[in-house]
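Attaching a single structure in structure tokens format; questions to follow.
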Amino acid sequence: MPIVRVEMWPGRTHEQKAELARAITEAVVRIAKTTPEATIVVFEDVAKENWAQAGVLASEA
Amino acid sequence: MPIVRVEMWPGRTHEQKAELARAITEAVVRIAKTTPEATIVVFEDVAKENWAQAGVLASEA
Amino acid sequence: MPIVRVEMWPGRTHEQKAELARAITEAVVRIAKTTPEATIVVFEDVAKENWAQAGVLASEA
Amino acid sequence: MPIVRVEMWPGRTHEQKAELARAITEAVVRIAKTTPEATIVVFEDVAKENWAQAGVLASEA
Amino acid sequence: MPIVRVEMWPGRTHEQKAELARAITEAVVRIAKTTPEATIVVFEDVAKENWAQAGVLASEA
Amino acid sequence: MPIVRVEMWPGRTHEQKAELARAITEAVVRIAKTTPEATIVVFEDVAKENWAQAGVLASEA
């Protein structure tokens, strides 16, 4: 069942996402005692102009 | 109130989304006893390189 | 792949959720051309005091 | 901690998002008694052909 | 259309959520040029043991 | 920025969540080149009667 959703700023390579999917799945399987097949990882790129902290868009910080 | 969110790989036509929105809304209204006006359906396309199962990106599987 | 997320107010029976999962999955498989096994439906109950429209909580409307 | 997620149709300017991030953060900090630094706002643009009400895509309404 | 989702730690009163829904809706309507009726706000309480920063659960920090 | 969201069935101990938060954060920091402080992990327990695959609720499978 585990569904893992990762929101990050754009800029990560396909390679980095592949490695991240592998590492997160490995951690979930080992610690939460599930199977790799049951583990889904979804990436969402969030542009800097769509993300604010302390009321300031990251594209302006 | 019901808000339905559908994440799928890209590639479905506008037609398919329109038909899916209609069919899901019909099912929600009939089974959950709500109104069509109160039922919202949101689609999100998830690229294959942003989705992994068993630690492998779908773009590499 | 399709992941469908359904947010509704509490109060639907287990039976209604089972029927809804069946009907939504059937629609997704038929219209989006995928397999039942690849289709996941997740329900989330949202209490009326956690949901507002037009700035008014549903628990006060 | 507060994470605020705003889904809107496309078309808002960078300016509007900046102002919205500021106003929402101000409200959250003042009313929920938290700090600006702990408050994150994420915008997601949802295309009209990805959003339906009453079973009809907004792009067709 | 705007759907606003607010994740916070538990502990806010019903009053605070009501005021927050009002203030956020007012800001969205004013800045994003939409109507109150089209604006939905959903709150989600996230327990401190379900939230981590820097790898440490908030319940342990 | 990275926000990681982990949906799992209930039953994981506080210990398992703490270890998972640590391992996921470590992986994200190492592979996506970010800082621990910028990395947030949120867990959501999804009851088996709220989760279906192939149209069948997990509580009935």
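Letters A, B, C, D, E and F mark the chains as written, and numbering starts fresh at 1 in each.
We take it that a contact is a pair of C-beta atoms (placed from the backbone, for glycine too) under 8 Å apart; a residue touches a chain by one contact, two chains touch by 3 or more.
Bear in mind the structure is a predicted one, so any value in this text is a computation, not a measurement.
**Student:** Shared numbers divided by all numbers used: is that above or below half for chain C and chain E, i.e. same or different?
**Tutor:** Counting which numbers both chains contribute, under half are shared, so the two copies meet through different residues.
**Student:** Cα superposition of chain B onto chain E: how big is the rotation, rounded to the nearest 5°?
**Tutor:** Result for this pair is 180 degrees.
**Student:** Taking each chain's centre as the mean of its CA atoms, how far is chain A from chain F in angstrom?
**Tutor:** Chain centroid spacing, chain A to chain F, equals 11 Å.
**Student:** Need the CA-centroid distance for the pair chain B / chain F, whole Å please.
**Tutor:** Distance between chain centres, rounded to whole Å: 22 Å.
**Student:** Can you tell me which residues of chain F touch two or more of the remaining chains?
**Tutor:** 3, 7, 24, 40, 42, 46, 51
**Student:** Which chain E residues qualify as touching chain C in the complex?
**Tutor:** 14, 17-18, 21-22, 24-26, 36-37, 39-45
**Student:** So in the complex, the part of chain C that touches chain E is made up of which residues?
**Tutor:** Against chain E, chain C makes touches at 7, 46, 49-57, 59-60.
**Student:** So in the complex, which bits of chain F are touching chain A?
**Tutor:** It is residues 1-9, 12, 16, 19-20, 23-24, 27-28, 30-32, 34, 46, 51, 58 of chain F that touch chain A.
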